[in-house]
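In order of appearance the chains are A, B, C and D, and numbering begins at 1 in each one.
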């Protein structure tokens, strides 16, 4: 389903080329000041337009439809709507028969019996990360003491990101990347052992972001190559501070008071300029498919604010669960 | 919480050194033949005893307490209990003041206000993977057409696993590893876009397994270093079969009919023989802690059946959701 | 929270005097034809305007924002929006200090720390039954084989409803009523023992309708005065048909194949013309409060379509759970 | 499913004539003193043995299996088991073909494809109210400031309960009754508008108790016969105290600080001594069925502690949600 969270619950909806995309947040505490300008910074970071991103231009203006009164949250469901304005009238119906490699076209049609909206990916579109990012803006306000920062640390295998993008443009290729997220000021004790471990909850939401194919916490996959004596973090304060942070701030599924650190792998944009083979479902034969238009060279460039939002959504929920569940922020 | 699933719901409970560990499965279809012997194979694979594993010996006999009648599931909640028999009477109370590095001792006491059962890790213990594995046995029966197989593909950075274990024993060290899971015979269409993507659900349960620090699907972290043209899987049949499988069998969060492939990183066992520094919470000073007893050299050896169980729990739920939700398997 | 359902999930949002009220339905099967005209009949039945109802006039036009493509549901979340148009600009701020007896003004302000939207009841308003009724229209399509009919069987203690309304208008009073709902063509086997009994689920949603203060199934409160021999329904067919239907179509929480019958008690409209005492929270003294404007004489008149909607929401979910959970209606 | 609650989650399992019935409570705060003797009072009240109740004798000794350490809850799942000891070896298999009127025999076999445990009602048995009552004992500790009291106010249509029972025994009949529950010391603000209204949540759990056929809050069905001016409760203190309490302590789904009052209708025991007609499913013909053994004359006698438990489970959850969600009671 399109819902996540226990106390701070996020519901997303919408399609790339329909009327709108949006989000309803249920369980948001009352009394939080909120205005459209609060969304500007993160939405701008997510927006296309920079070198390496798609030129689809949307104003991305959030309409605060419900749950707001006199500039503050009321405790009632908060619905934020984004109209789709820059939707091209071109014909997308060929996607129904010629599913794009790397995209969800094939599975969407199969799963929904041919009734899925295929225009621009429909409900599967990366455009749904817009309401997700908006929900993150609200979530960040709920857990405002935390410092959540994601950044692209590598793209196309290169940590010099500027040059990697230039190279991709020059070579007419799309590339992937690795985004790292760090969260400071966390209290000890968020999360649960087993099914509601912090890793479980974060990875659950993170994999809701299109194009993410891997996640690792702390030393992550490197941990598999360390010895226990190397990997263990010695505890050096009564507050639980550790000398090293191979655990990435989590033990037994629960925050240990150190910085929470994780990295995600972002696959290269699936829309590429070169022709690819796909099965024409109507004709029953393989054909070459060329995807028109200009696309993101490196979707990973736009992932950091979305990843922060996903993280904030989880942590806002955990903060409400653990510290206080009051509906009013005091 | 200690619950996972929508239609096939798994609830785990218990402690390492309490009376028992167990699981209740709610939503299991009626009419499935089930007897204690069905659990033997997977429980034996999970069990300690092999080279590199702890010598704690437990009979691990499942008691089918409820939900079974005349050798078949009834559709009512199925509770499976495992008595803890081989619990040593030794004093664990020092763990309360001297939390072991890499373990959950510190966070458990902090989170639960000093009331957590600290003996052998209490509810945080890896022993809880026993009822998880048992739930997996039932889940495998629910989705019996699927072929779910996990295996250790690397340990201590070495794909020759036998020699890596020997080396770890010789050097008196604990080591980590990488476990790969492959699922064949999946239908197209399991999972949802966004929050209930197959990656979201699988990673959610997988990170409930203690010691897992990373997960990647298909090409995973390597995908971040590929171009789109390299990474995209060309579709070559009307059933969605692809030439390559960099996506790991999932597009847009939904199974695409190809083999589902993912890998997890297992950290080295945290209980090591050498002395480590930790904070003595009572004295307020750092002290050297030496953990007595014999422990797993490589917990990753015991992960494959647990990982299969986690996978089966997710897929049983998705199969019931997508294909039929009837209470009776016909 | 503002959510109900397991597979067919309904999320309501909005305020009486804000921009809009609306609903998102997640889990609606794909391929269901749906257009704004489908909503007309039930929305008209719910609408004010008849004798005994409030003269607030709203066009109540549903905007199908998402989840629809080419006139059919897509399987993606379906969001339906209703703009609030006929919102009077009058000042409601006195409600914050002088809570109306019988209304939620007092609890809303207390619960949400003074931040609740108090205009016309805000999120607590009966206007939220508009999106609930819209969700019911969709739900009825999902379980279209069922025949769900609710009607007002008594108002002001009188089964001659026309004359009771006339009397209430004449005497300048508001009155309550009893609404009965009958559902035919139900299969045997919907619902679960205990927490997901059909009575549990129906009453859960029914008490979400403002003004409902009681519910009884079958013989209901009369059953408490019968003997077992009188109350038991003899089974007279292999399909489970019974001679009598004191159980109201449910045994052990599960539909038994007979007509499902329940009745609800609707309290009299809380907005009355005569002055009432309330506590002025600012002054700390009891004062007489006179509520201006014209209001429903008998809100029970408008309950039947809302009750049908609540019922359809539960039954659509149970039908999907029990018969098939496929996303596509075939 | 067999689960209820958001933070304080109750999972029940077991069968009347299987090995055991039990409950797991997840989300119980840590640090609550708990021993088997704490259960004695409520379990004794629920127990059979009094005049008018069945003579099945069970020791009903709770085994605290998990979640307890050194006499206190740990914050981990709390599993409480009750062995079935006094299970008679008689043959129940005729119930499969000759479903008892008023019981769940027919629906259980239909729903679960003939695999349900039919002995003594199996999982549908009133014996499941034993773990429910045990969960209530724990819940009462979580919300110990509340005073929750249920009592039988009428049976067989008579408020002189003693004489009604005597009459039922003399006339060899089973009778129903009405149980009233009152909760004092509630804070203002528990519950939510709409789907999580206090009425919704209470009725949800209350209808999980077998034999309940109706529920009404405050004036309840009488409210349908009152005028608004009569029914409205004037507010007479800044804490929300009202002159009358027709609302039963709830406005807009939320506790208003007054006593919460509700009543439930309990049907007469379905097991009666006289022969009844039912359909023999094997022969396909109606036959007279005589139910052997001795049964409760008036199951309503045993309902009060179960109703208190249901109420406490809801209120413990709401108290944790609203006031603090900390895992530790301080």
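Throughout what follows, contacts are C-beta pairs under 8 Å (C-beta built on N, C-alpha and C of every residue); 3 or more make two chains touch, one makes a residue touch a chain.
Keep in mind it's a predicted model, so treat the numbers as computed, not measured.
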Going through B-D, A-C or C-D one by one, find the pair whose contacts repeat those of A-B for over half of the pairs by residue number. C-D
Starting from the Cα centroid of chain D, hunt down the chain whose centroid lies farthest away. A
State, to the nearest whole Å, the distance from the C-alpha centre of chain B to the C-alpha centre of chain D. 36
Compute the distance, rounded to whole Å, between the mean C-alpha positions of chain B and chain C. 44
In chain B, what residues contact two or more other chains? 1-3, 12, 76, 111, 123, 189, 193, 327
Footprint of chain A on chain C - complex, ascending: 1-3, 9, 11-15, 18-22, 24, 26-27, 30-31, 63, 65-69, 72-79, 81, 111-117, 119, 122-123, 327-328, 330
Give the list of chain A residues in touch with chain B in this complex. 1-4, 12, 99, 101-104, 106-108, 110-111, 123-124, 128, 154-157, 168, 173-178, 188-189, 192-197, 199-201, 203-205, 207-208, 210, 212-238, 240, 242-243, 246-248, 251-256, 265-272, 274, 276-279, 281, 284, 286, 300
